[in-house]
Amino acid sequence: MAILVTSETRLVVQGITGREGTFHTLKNRDYGTKVVAGVTPGKGGETVDGIPVFDTVAQAVAATGANTSMVFVPPRFAADAIYEAADAGVALIVCITEGIPAHDMLAVYSYLAPRGIRLLGPNCPGALSPGIANVGIIPAQVFAPGGIGLVSRSGTLTYQIGGELAQLGLGNSTIVGIGGDPVIGTSFIDALTLFQADPQTEIIVMVGEIGGNEEEKAADHVLAHVTKPVFGYIAGRTAPPGKTMGHAGAIISGSSGTAAAKVAALEERGVRVGSNPTEVARMVAERAGR
Amino acid sequence: MDLYEHQGKELFGAHGVPTTEGRVATTVEEVRSGAVALGGGRVVVKAQVLTGGRGKAGGVKVADGPDDAAAKAAAIFGLDIKGHVTRRVWVEKAVDIAKEYYLSITFDRGEKRPLFMLSTMGGMDIEAVAVDHPDALARLHLDPAIGMRPFFLRRLLFAARVPKDEHRAVGSLIEKAYAMYLAIDAMLIEVNPLVITTTGEVIAADAKVTVDDNALFRHPAIEAMRDTAAADPQEQMARERHVTYVKLDGSVGILGNGAGLVMSTLDVVDEVGGSPANFLDVGGGADADKIVTALEVILSDSKVKAILFNIFGGITRCDEVARGILAALERLTITVPIVVRLDGTNDLEGRRLLAEAAPPNVFAERTMLDAARRVVALAEGA
Amino acid sequence: MAILVTSETRLVVQGITGREGTFHTLKNRDYGTKVVAGVTPGKGGETVDGIPVFDTVAQAVAATGANTSMVFVPPRFAADAIYEAADAGVALIVCITEGIPAHDMLAVYSYLAPRGIRLLGPNCPGALSPGIANVGIIPAQVFAPGGIGLVSRSGTLTYQIGGELAQLGLGNSTIVGIGGDPVIGTSFIDALTLFQADPQTEIIVMVGEIGGNEEEKAADHVLAHVTKPVFGYIAGRTAPPGKTMGHAGAIISGSSGTAAAKVAALEERGVRVGSNPTEVARMVAERAGR
Amino acid sequence: MDLYEHQGKELFGAHGVPTTEGRVATTVEEVRSGAVALGGGRVVVKAQVLTGGRGKAGGVKVADGPDDAAAKAAAIFGLDIKGHVTRRVWVEKAVDIAKEYYLSITFDRGEKRPLFMLSTMGGMDIEAVAVDHPDALARLHLDPAIGMRPFFLRRLLFAARVPKDEHRAVGSLIEKAYAMYLAIDAMLIEVNPLVITTTGEVIAADAKVTVDDNALFRHPAIEAMRDTAAADPQEQMARERHVTYVKLDGSVGILGNGAGLVMSTLDVVDEVGGSPANFLDVGGGADADKIVTALEVILSDSKVKAILFNIFGGITRCDEVARGILAALERLTITVPIVVRLDGTNDLEGRRLLAEAAPPNVFAERTMLDAARRVVALAEGA
């Protein structure tokens, strides 16, 4: 089954003709994702390696039945691109773009949330359901199909942990990078809910980092609603207080939001936390009986 | 990006938020002439530093005219406030304070809405007020889909128990502050104290403003306010080159792609007994030139004894990273050992490039943990 | 059972201390409606004939559990009042105010609709469930409980037809005035859907007028989804083309939107239309077996 | 409220929508001096009337300079265009037309969204274009919760097949027109033709603007544009007194509360063989003074032979209506018979007041149908 990105996914790529857009679109298609269209205003009628390009998302949806959009446009145009996808009736928008102003995303989120339109990201690596489809920039060759659902705020750290699991022979149902920006569309709780309902997923791994209290809220949710085993990892144990470590989310404010506080909150609610990526992978493998 | 009080007040002025009239000064003489220009009466001299607690540290003084202001300023210039050396002061007309309120507009990422906080118990430690008198600190989220409306102001003002006859003036200030919050892409606007004067005026007597770095492209005037002199020179160099760098105290230089992976790398280096010299995230899709730049930034710290490259390529391509390392070895004089761990997009090609060039001080490792152990051993052996 | 206004209704009145607000609030309460609170900023702590007054709707909801709001404030403050009620968690907002700018209501509607918050009006007489509760300005003494659901764009014309039905001994489940402004919250289709689901309602009467095409859309809905008998009346047969008759909705533009076109559309879809209020009442009575 | 072309263009200018330069004139001499002020070159003289089809009626003429303009204007002044007498003209600089497009922004009550229509086949009967070439008329609703965004303009421009090199200029005009639509509470902005000049400029060459009457309270400058001279004097009197009045051709004066009920009353009077003299809605909550005023308006039409009051009180109270009728009988000289039907709020009290006063020319009826029959009989008998 997998979550978010499945065999039903019909992908339109906004910004397909950019360098990165073309590169990752073709990688996604090569992996097996149904990439049905691309959008670049003014390039309607062209093709990218056989993929038809349209001037607007609405045209692409009408012509190809696209139901998922991947946004690969520069930050100052990204909010417009997300609105365009939403207005065109796309059900899932995966926004890879990094550096979108927080106020833009606040407005976008306020629009999408009450309408039930799902956004993954922004500033996220996308979602990969190994063996089925890949939407985004996750390096798929590292991962194999399996029963571990993996959700993470951090892109490359996700790969790291997924890679460690793969080393131990464990595959994934879906790997979801939710992004680390101040305003993101899909939260830990959203991903946990989807994994809990997904028959393929047997064990869930959530990868957090310092800052905010999303991991704590997710832990409450696990205690109340998740029956599958959940393992965790928190990055930023040695980050100095008050220093920004690159994510707006990774700002320690006072005592809450520290790695220690998050680890404690998770452990108290039955989520076992590994002290480094290798350890968490070993804990999962043990539970999975490998 | 954090703004100095005087910058925040300049923006207040531009957006119609009533605030104090004043002058920036970098010398005692400028303080004197500033005080004269403000009418020669009572003024307040305030250290301009990007940290709290300057009052307790002696960075804020009331003066009875230009000469006294100059004298007071002389004691403030050079004052070290929590590691921030005072190079600038703000001289402002003193106001006759009847009451001190507290106002802030913050970006609440949990609720995904702006959070307004208002209290009639301002001027003091607001965190203590929040704990000791939670009812005295009104908190209200604004729904961005509704926007600022009269009912929102009413809810906030009634909840904070602001007297009815002040609703119009305080409400108007809050409305303008929020318009500014939107206009400048602020992440925080804090006014403490918000002063009610003895004549009933409402004035923002302090200004703490933080602007979203990601939005500075549409605010060149604010970007130009950045105080490059006060920044750490290495961090400044990193910023100019668009890599995220935080200097730390250890000996192991660390470079990775993605904040989470870099933080985790720091943790693992610490766990195996090393001490990180820095946090450096080259970001997504770094090319060879950016790798060279990042190495320059790391090497500008003389404490660095060994460097760890921990790359898991997604949008970043490992072959580009390998090319960057080889280019840096040609262009820069690098004597410290470099441990390289490459995984993900184009990793085979990246490893092949390094193996073929085989520079003497570059060591490849296949896992993060092994790479951390190796770099710590090399840093200690150096 | 009735619709919209039921025994579950707990009413807060925005603008309770105004002349009209007080008059109709007390009439509503005298009829049996649970009027639990009023709101007038700055008059929090006062009472209106025993009904507690609050400064904000949020306070009123928190203190009294109000779930329905009646808006009785002047037009320039009405949009703000509706937002306030919605933001305070009220589920149904009945807006009596006439003369609200259309752009204000467009924005309000765009906010309410995706969030599932129901608005009745503006510029409407409210809803009356005879014998149960009355929210608005419908003169309740004319009506008795019964099985006829009545929905209308026009306030006083609703009373006229309800009165004619009462003369013939027929009572009503609920009388709903949806209002005649360019942007209204509850449409004919919404009311028809509620009546169809309401066990008390046996026959539905819809009262339309010239202008727009809401009656035609409602007729399509009747044909597809309504199994209960529906009767209709359309006012404005003799209105001269191109003349505004007081409602922005009552502008004839070209041939569509005329009374003749609407009557034909209704009749074609199985809705029998009376040529005047007396006739439609007689037709309903015949069907009801009176 | 419908605006004249010259008023619409004044608003275009104020909101940055590129439009033609011109002058309003009410005399031939003003036309000549206007044409001189515009440079003395080729101009267009256009009748200012609140109706369409003025081109076909001879209300638009191109002139080769001031003298020719004066001559052409002489033929336009006084021209009757569908019942509207031309009292004002607009003299504007002629533009060199390369292409004519069509643009409108309307208030779509069905969809509850603004509807944009754009076509490259402008300048002609757009309703015919919509029927004969539906693909040539792009229609797109804007989601108010999203607002105007670049993608919306792209969708509209691509759908209308506007050439790519015109996207920026046409898009900018549309964006500004929409900003104006919001700013002035418009119900309609129509530009036909939207001209692309031979030098590539984009110009709104006509302006049809309707503003929401309910929003005029926040636009006093637009309210002041109302052409009271052109309005029917009775309708103007009614407007000033805040009752909705439309004059018709019959002999039965009709007064009711609520547009739907009044329309229905007209229908029923017609059905029983009478002919309504007017539509008059006193609105909700009318008091005695308003009733007096309304009667004055009805009686200013000398064709009225009898009057029907059809009131079903909700927010309107029947006792107030009765008091108004009695007050009017005292203050005005009313010779025609009045049939009164009162139902709803305070109806018993209202009927009692009338029965006690028992004025000779007032006749009470209990049902709408009976009241209609009675008034028609009285009007015929008169």
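When the chains are written out, they are named A, B, C and D in that same order, and each has its own residue count from 1.
Quick note on the criterion: contacts are C-beta pairs under 8 Å (C-beta built on N, C-alpha and C of every residue); 3 or more make two chains touch, one makes a residue touch a chain.
In this text, all values refer to a predicted model and were calculated from it rather than measured experimentally.
With steps allowed only between chains in touch, the distance from subunit B over to subunit D comes to 2. Farthest from subunit C in terms of Cα centroid separation is B. Note on chain placement: the centre of subunit C and the centre of subunit D lie 27 Å apart, centres being C-alpha means. In whole angstrom, the spacing between the mean C-alpha positions of subunit B and subunit C is 54. Distance from the subunit A centre to the subunit C centre is 46 Å, each centre being the mean of its Cα atoms.
Residue positions of subunit A touching 2 or more other chains, listed in rising order: 111, 114. Counting partner chains per residue, subunit D shows two or more touched chains at residues 143, 145.
Inter-chain contacts occur between A-B, A-C, A-D, B-C, C-D. Within the complex formed with subunit B, the residues of subunit A that make contact are 20, 24, 75-76, 96, 98-104, 106-107, 109-111, 113-114, 125, 136-139, 142, 152-160, 163, 167, 180, 182-183, 207, 209-210, 212-214, 217, 233, 235-240, 243-250, 259, 275-278. For subunit B in complex with subunit C, the touching residues are 143, 145-146, 149-152, 154-155, 158, 164. Against subunit B, in their complex, subunit C makes its touches with residues 41-42, 44, 55-59, 77, 80-81, 83-84, 86-87, 111. Across the complex, subunit A is touched by residues 114-115 of subunit C. By the touch criterion given at the top, residues 107, 109-110, 112-114, 143-145, 182, 185, 187, 212, 214-215, 217-218, 244, 246, 248, 256-264, 266-268, 270-271, 276, 279, 281, 283-285, 311-316, 343-345, 347, 367-369 of subunit B touch subunit A in their complex.
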